[in-house]
Every structure is written in structure tokens, then in C-alpha cells.
Amino acid sequence: MIRFDQVSKRYEGGHEALSQLSFEVAEGEMAFVTGHSGAGKSTLLKLLALIERPTHGHIVLDGQPLAKIRAAGIPKLRRRIGMVFQDHRLLLDRSVFANVELPLVIGGIAPQERGRRVRAALEKVGLLDYERQLPVSLSTGEQQRVGIARAIVARPALLIADEPTGNLDPQLAVEIMELFAGFRQVGTTVLVASHDLPLIKRMRKRVVVLDHGRLVADVAAEEVL
Amino acid sequence: MNASVETPAGEAPEAERSRHSRARPVASWREHHGWSAAASLRRLAARPFGTLLTVAVMGLALALPLTFYLLLGNVQHLGDALGRNPAIGVFLQPGQPGATAQLLAKQIGERPDVATVTLKTPQQGMDELSKMQGFSDALRSLDDNPLPYVLVVQPKDGLDATAVGHLTDDLRALHGVDMVQDSGSWRQRLDALLGVGDRAVLILAGLLALAALLVVGNTVRVDIASRAEEIGVLMLVGASRAFVRRPYLYAGIWYGLFSGVLAVLLALLVEWSLAGPVAQLSQAYGGTLRVGGLPPWLLLAVPLAAAALGWLGARLVSAWQLRKAA
Amino acid sequence: MNASVETPAGEAPEAERSRHSRARPVASWREHHGWSAAASLRRLAARPFGTLLTVAVMGLALALPLTFYLLLGNVQHLGDALGRNPAIGVFLQPGQPGATAQLLAKQIGERPDVATVTLKTPQQGMDELSKMQGFSDALRSLDDNPLPYVLVVQPKDGLDATAVGHLTDDLRALHGVDMVQDSGSWRQRLDALLGVGDRAVLILAGLLALAALLVVGNTVRVDIASRAEEIGVLMLVGASRAFVRRPYLYAGIWYGLFSGVLAVLLALLVEWSLAGPVAQLSQAYGGTLRVGGLPPWLLLAVPLAAAALGWLGARLVSAWQLRKAA
Amino acid sequence: MIRFDQVSKRYEGGHEALSQLSFEVAEGEMAFVTGHSGAGKSTLLKLLALIERPTHGHIVLDGQPLAKIRAAGIPKLRRRIGMVFQDHRLLLDRSVFANVELPLVIGGIAPQERGRRVRAALEKVGLLDYERQLPVSLSTGEQQRVGIARAIVARPALLIADEPTGNLDPQLAVEIMELFAGFRQVGTTVLVASHDLPLIKRMRKRVVVLDHGRLVADVAAEEVL
């Protein structure tokens, strides 16, 4: 599903955020990316959604080299990816319902079907009662969960989540992670960036460890302790 | 919270998504157009003060050329009426018989640049002269009428000074004509004045057209700039550029439409407030002056053209702004 | 990373803070003014396209009244010159002696509404009349001169129709005057025309003043709205309202200043482009017409007034917008 | 230093975020506020900085009843408080240095003194090298640390931090918490909202536990295990 091949990313005027990264994630696999603050976790996920382009190396997604996708093709790629952003990225002047509905509107799903799916997604993150509220009237953790609902509502083939539990209490964090793990059953590949080591250990999934942009460890699910 | 295993239906997610998205592209496209039009309208309504300010500025910028159109039309009207070329006096040589005079009058009357020709017999001239006090006694004492036939030639309305000059020259060259009397210098002055007016109106119209364009562009630019974050989010969840841009294009159309309506209302207000002085002027002309108002088709065309202008401005600026977005 | 024990100095934090903040309130206030002025300028420079658009719109809105001032001044000039009251012919009763005529001429010439009085003797009248062909033979045959003395009275420039009417009435009432000949209706027409022009210019000036005000207000409103987040942050870390508002007030001043300069440049451009037609017109008047330009003090006053206007607009809108912030 | 007296907060159109909350924090004390997502932690901190007003009850800060402070007096109050926001709240168009400097500029500190203090604060959060960068070119965890530097730079009498380690790796989180604990030595009162239970346990400070806006536990430092 995902292949990184000697990928490096240097931001303009910045140091190298990722250096010669190579790894693969199989279809339907769930993996964690971890590392210290500034290690390059978010950068790695951004490369997958073409929010940033690598300065060196190749990324292949679902058999398709990302370098071949021009600006006009990006929306189509992003519609196949569900993404949870570290800073939520909600539309502040639209209701929770409208925010979660967004990928379905863009995907051209019929209204009745949309309503059904949005409510199913909101229920999964425990926010069914908040459907009519504006994001500003939610606590930060609630906003984060709206972002999660939006990422899963269109049943994407690839789900990437950047620190999806940074503002959630431990119990809720585990529930969300188990929700993600459940997507495996329908063949969705899941990649989660997180610094929550206790949670990662508990989930017992594959872990990719970054340190200053380098891959320093790639621990298979069975080896996590 | 129901955090776990009511996972999505058993089918592969990709297959299901495409089943929906490909089945109804036209319906969803049409739906999004409707939504964009309504949503952009709702957004304008959500900040009435800002919308009002924008529409007011745009409306004024559009109203000004319209008002100019109105004023210029009326002033040209007035100018034409005021500047109606004065009659030219054609004095025939003394002793020319009445028949020659009548022939000449007919001949001149057929020219395309002449409106009317009036023939004044020597007797009529004498009568006029006698009516002027101070002459009556002196003239009455003449036994023979020394006055010639005179043709009073009224040039067509709207002839400029050069054309009148040609006419005068032609008249002077006619056989039997002694002298031609016209008031060329007055005509020259008015034309020069109208020249300044024309140039001034042209300059002002240019400035105003530029202002209207700038206002439309600036409003939409600011609109988009203030929603940079929203645009970013939309692009991140896979919206195409056309999708993102649609509400702004509709906003441009709404701004334009409302501004156009406001401009028409303002122009009508000006027309109405001009009615007083124009009536007064008309009276000074003995009621002969038609008052030119805005033609009805313009009242409809201006809002539509403004809407098109708004759409165009939004399109240009949004293309430019969105190129900067991811 | 040095995460731990280089904790702040041993003194109580409160005491230290107040030692600094109370020691130099004026210096820090002055420093923040300088910073605000520079920072707002830097912000404008950081988005040159948007700033240019705003300044262009504001500048045009200010240039239009200025241009009107220029045009109106020149047109009134022209109107005065064009509408120079035609001379009034005062025909004395036949038989009045030359001494009476000279007395009357002196008497009339002393009136405040009269520019010049020219005395025409019967002989001069006869000479004029004889120059008109068609009369020469007839008149030469008269042995006695039947013409009266005529006073050609030139009213002062700038008298309106009513004043000229008064003058005419007064002249008519003078002892020894037979008839007074003036061209009142022409004068009435011009006054009516100028009445329309005055009203129209008044309306346009009103609209333009409104437009200028709206543009300033709208620009600052949008500026503040687009920085709502920044303002929120400033308030959260303890900035006073005056502190938050300062850069916007300076931005208003900059916008106003630049727009004012642009307006002056545009007005000078208009003045320059009018020079041609006005010279032409001047020629038509035999070179007697002075061309009215923009007075130099205005070139300085407009940018300053515009800066004040920008500051005022920014102040009004920022007060209104910040009331909505926390 | 802080006294809550039967404080309730009901948001417009929302449910009760805080119900009849009463507790005290002594001067120089450090305390944690914890609870599930949406329990009311952020609301509690917002009441202290007068970002929100309570619907019922009284809050006394440093002997001063907050209800008595009118709008014009709020800036003065906030200058005595250092606050770390859950969503960072940085000025995106100003450098890291300018962001951290802000409270000092507002407080009217002289420029040389400002430079010295800003660098000291940046050093404490490990961002001395990032001084000239804009916040957008930082990772989320780095942004969070800029917010922390800004909160401590003016040496406030009261430091309130809302989820200050939500985007930091465990090691960095501990370092930041120890930095906060160090402020005790200069008499600064510290109140931290956090859901990171392992970290809270490790710090061994007083813990106030909220559940749906109610105070359900108030554990003294010695009793934390």
C-alpha cells in the first residue's frame, strides 16, 4: 500500500526534517510512527497526502508514484485518504454535522445517505449529541474527535492520523485506537503518528521510530512489549 | 460512546465509495451549485454590516457612471437646445427682384443642412425698422424703400461650427447675395466649452470605471483572504479548485447584483431630484425641452451587468488567490 | 535542553515585574508608538497587491471630489466669461442734448453694478448704420440726423439675471431715457443651466464624500476582521485596548496619507490633461481667460486631511470591532 | 491565592460545564486539574483569566474578587497571569522571538532586558535555535513549547497551563513539568490541566479531579500514588 524509498525532506530555510527514509506498509496494516517532538512524524504524514513534496526519493501509494501526480490530481488522491490533523482543522463557522459531512459532499454522496453516515461516524466518537453545535463551543478533545469522525466518515482506503489522542483522556484514547484498529477488517490501511508510548505499547501494532528525521527502529507488532 | 466494533459494512470501502460518487455526478454538481448560491448568500447575511458597506461602496461606484450618463444626456440635450444655431441673415443685393429672392429661398431651403428659410420683403424690413423707436420718424420721411430682400436661414439643429461655416460660405457665394451675417464667434465659444466638458466627462468616466473594477476585485480578494483557513481545510479534505471557488463566484454575483440594484435606485433618486431644476429650465425655454430620463432597459441591464462584473472579478481574483493555496 | 533548575532569580516575581513596568511608562509608550507605526507600515508592504488595491480605491474616491473642485472652478470661470452680461443699449429721447447724455453717462457709470458706459453720439450711430450695406444709400440721402444719443452700458461681470433686471429697470426709469434694450431671456437660460449644473455637482460631491468615507471604513473593518485572531491573542496576554488598536490607527493614517498623495497626483494629471482644451477655449476668448489650477496649499492639505480621515475611520471602526472582542 | 466558592458555569445554549465547584489553592502551591474530555478543565482555567465569567458563585484571586473586575481592568489582571493555551494561540506572522517577547512589550520592559529574558525562556523549552522562525515552520510540539515560553517569560505570580504537554513526547513532558515545579521556589502558584495520568502520578502534586463539571476528588500531594 505505502512504500517510502530513500525519502528526504528539507524545508526551505530549515534543516532536514526527514533523511533517507525507507519503509513499507502493507494493505490493511496498522502502524504507529513515533519519535520526539520535531522528529518528523507530521512531515512524514504530510508527504503521503501531498501537503508537502519530498526533496529526494520516491513515495508509492497503492502502486501509484506520488511524484507523478500534478496539482490538478491532488484532490482525487486526497479523497481516497482520511486524515486526522494534529491541529484539528475544522471549519469554525459550520456545525459539527456539516464538518463531518464535508468529505461526503465533496465525494458527491446523496443527502439521505450522508445523514446516515455522518451520524454513524459521530456515534463512534461519542459526539452524537453535539451534531448542531459549532466547533468553538466544544472542548479541545471534542474538537479532536470531530476531526476523527470526519476522517473516517468516507470510509477511506488509507487513514492517516496525526496525534489523534493528544487531547483525549487515556480511556477515550484507547477507545479511539481500537476504533482505528477495527478498520483493518474492511481492508483500510492505518498509519498513526503518536508520542503516547504507553498507548502504543498497549495496542501491540507495528511501530516505526523516528529520531531527528531518521528511521532508528521498525518494530514488528509481535516484538512490541 | 460505542467505540469499537460496529465497523463499516463488510464490503471494501473503495468499491462502495465509487459506487456512490460515480452514480450521480450531475445531481451532486447541481446540488452543490444550489448549496453554494444559498451558502454564500447566508454568509453575506451573517455579517450585515460588512456586506452593507461593500454593497454601498460598489453600488456608489456603479451609480456614479450611471448618474453621469444621466447628467451628460440631459446637458447635451440642453446644450443642443441652448446652442441651437442662430439664424443667418442673407442680404440680397439692393434691387434684386422678388422672384429672384423667392427662387433663392427655395434653392437654399432644399439644402440638407438648412432647417427653414424665411423671406423678408423690403416692406417687412421697413416695418420692423419703423417699430424701433428713434428710427420711425426718420424712415417714414423716405419716399422710396432703400431696403433689400433678406433671407433668414435657420441651420439644422446640431450642426457644429465648421458645418455652419461651410453653409455661410456657400450662401455668400450665391449669385445675387450682397452680404451674409452670422454670429460665428458665439458658436465657437460654445463648442470650445463643450469640448472641455466632453474631455472632463471622459476622464471622470474612466476613473469611475476603474474604481468600480477595483472595488469588486478588492472585495472578493479580501473575502477570500479572510477565508484562507477554510479554503485550506477544503483543499485538505479533497475538494477540487472549482468546488472551493464556487461560493466565492456566487458571492461575487450577489455583490454585483445588489450593488447594481442600489446603483439603479441611486440613479433614479438623482433623476427625481433633478426634475425640479430641469422643469424650471424647460420653462425658460417655453416648455419646448424634453427631459431625458434613464431608459427602462438600462434599469434591468445595470444589475445584470453588475452581477456579471462581480462574477468576473471574483473569478479573476479567486484564480489568483487559489494559486497561492496548496 | 536545560529543563530544570536555572529558575528565575531569587526575588519575588511580582516585585521584579512592577519594578520594570512602573519605571519607564513614557519610554515604553513612546517605543510602542514607534513600533506600531513601523509595524503597520511593514504589514502593508508585506501584501503589496492588497495595499495597492485599497490605496487605489481610496485614492480614486478622494481624487474625484478634488477633480470636481478643479472642473467646477474652471467651468464657473468659463461660465462667468461666457455669460458676461451683454451690453445694455440705452436710447435717449430724440432731441436730448449732448450735455444731458454726458451727465447721464457719468451718473450711470458710478453705479456699483456697472462696469463701463460708452456714449454713442447720433453721428457715430449714423456712421455705424451707414457701414451696414443696404442702408448706406438710403441714409446718406437724409439731410437731418434723426438718431438719438445712445449709452452702451456694460454691467459688471458675475451679475445674475435678477441683478441685471434691476439695473435695466433703474435705467429705464431715468429721466430722458426713451428705451432700454437688453437680452434678458438669454441670460435667464444660462442661469437655469447653471442651476442644473450646481445641483448636479452638489449631488455628486455628496455621493463621493460618502464613497470616500465608506471605503476608509470598510478597509479598516476588513483589516481588523482579518486579524481577529491576532487581536484575541493580544487581549489574552494582557494587552489593553489602546495597545491593540494602535497599529490599526497607524494603518489608517498610512492608508489615508498614501491615498491622499495618489489623489493629488491624479488631480494634477487631470489638470494637465485639461490644459489643452482650456488653452483652445482661451484662444476662442481672445486669450483673456485665466486657467484656474489647484492651489498649492491644497496639494499639501489633501494628504494631511486624508491621513486624518484614515485615522478617524480606523478609530471608529476599531472601537466598534473591539467591543465585540473579549 | 485562588479560591473557588460554589462556582457554576453554564454556556449559552449548552449544558452546565462546571457545577458548584469549591476549592482553594495556596500561594506557591502547584496543583493538577484532571478529568475526562469535556469535564470542564479548560473552563475552570478560563474563569481564572476572566476569559469567561461564572454564572454562579465567586472566585477570589490573590484576595481580589474577580466579579469586581470590569472590562477595563482585565488587561491588568492578565498581565499578572502566565497562561499556556490548549491551542497555543501564537501570532502566526511574527517570529518565535516576537511571540515570546509579547508579554514583556505589553508590560513595558526595556528592549535589552527583554532580549535577555526571552532567550532565557526559549532556552528553558529547548528552542533557542528557533528564535527567528515563524510558528508555521515549527512542529506542533515546538509551537506548544513557544506558548510555554511566552507564559513564563514575564515571571507571573500565577501560571495556568491547559494541557501543556498534549503534543510533547513523554521525556519532554516531564522536563516541562519539572520546569513548572521549579517556579515554586520563587513563589509562583501553578495550576495545570492535564489528562496525562502517568505524568501526574509521577509529579506527586495535588490533583483536583473533575467529572462532568463536578469536583469528584481532591487528592493532596502526599496521597498521590
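Chains: A, B, C and D, in written order; residue numbering restarts at 1 for each.
FYI, a contact is a pair of C-beta atoms (placed from the backbone, for glycine too) under 8 Å apart; a residue touches a chain by one contact, two chains touch by 3 or more.
What you see is a predicted model, and the numbers here were worked out from it, not measured in a lab.
A.B. asks: Centre to centre, using CA atoms, which chain is the farthest one from subunit A?
C.D. replies: The chain lying farthest from subunit A is C.
A.B. asks: Centroid of subunit B to centroid of subunit D, CA atoms only: how many Å?
C.D. replies: Distance between chain centres: 64 Å.
A.B. asks: Determine the centre-to-centre distance between subunit A and subunit D, using the mean Cα coordinates as centres, and give it in whole Å.
C.D. replies: Each chain reduced to its C-alpha mean, subunit A and subunit D end up 29 Å apart.
A.B. asks: What's the distance between the Cα centroids of subunit B and subunit C, rounded to whole Å?
C.D. replies: Their C-alpha centroids are separated by 24 Å.
A.B. asks: Take the average of all CA coordinates in subunit C, do the same for subunit D, and state the distance between these two points in whole angstrom.
C.D. replies: Using C-alpha averages as centres, the distance is 59 Å.
A.B. asks: Could you tell me which residues belong to subunit D and also touch two or more other chains?
C.D. replies: 172 - these are the residues of subunit D that touch more than one other chain.
A.B. asks: What kind of graph do the touching chains make: line, ring, star, complete, other?
C.D. replies: If you draw each chain as a dot and join those that touch, you get a single closed ring.
A.B. asks: If we use the touch criterion from the header, which chain pairs count as touching?
C.D. replies: Chain pairs that touch: A-B, A-D, B-C, C-D.
A.B. asks: Contact residues on subunit C for subunit D in the complex?
C.D. replies: Against subunit D, the touching part of subunit C is residues 1-14, 16-17, 20-21, 24-25, 27-29, 31-32, 35, 43, 46, 229-230, 232-241, 243, 326.
A.B. asks: Please output the residues of subunit B touching subunit C within their complex, sorted ascending.
C.D. replies: Against subunit C, the touching part of subunit B is residues 49-50, 53-54, 56-57, 60-61, 63-64, 67, 71, 74-75, 78, 82, 91, 94, 133-135, 137-138, 141-142, 144, 146-148, 178-179, 185, 188-190, 192-193, 195-197, 199-200, 203-204, 207-208, 210-211, 214-215, 217-218, 221-222, 225-226, 266, 270, 273-274, 276-278, 280-281, 284-285.
A.B. asks: Per the contact definition, I'd like the list of subunit A residues that touch subunit D in the complex.
C.D. replies: Going by the criterion above, the answer is residues 11, 13-14, 34-38, 41-42, 86-87, 133, 137-142, 145, 163, 166-172, 195, 197-198.
A.B. asks: Using the touch definition from the top, list the residues of subunit D that touch subunit C in their complex.
C.D. replies: 49, 51, 74-81, 83, 85, 89-93, 102-103, 105-111, 113, 120, 123-126, 150, 154-157, 172, 175-176, 178-179, 182-183, 185-188
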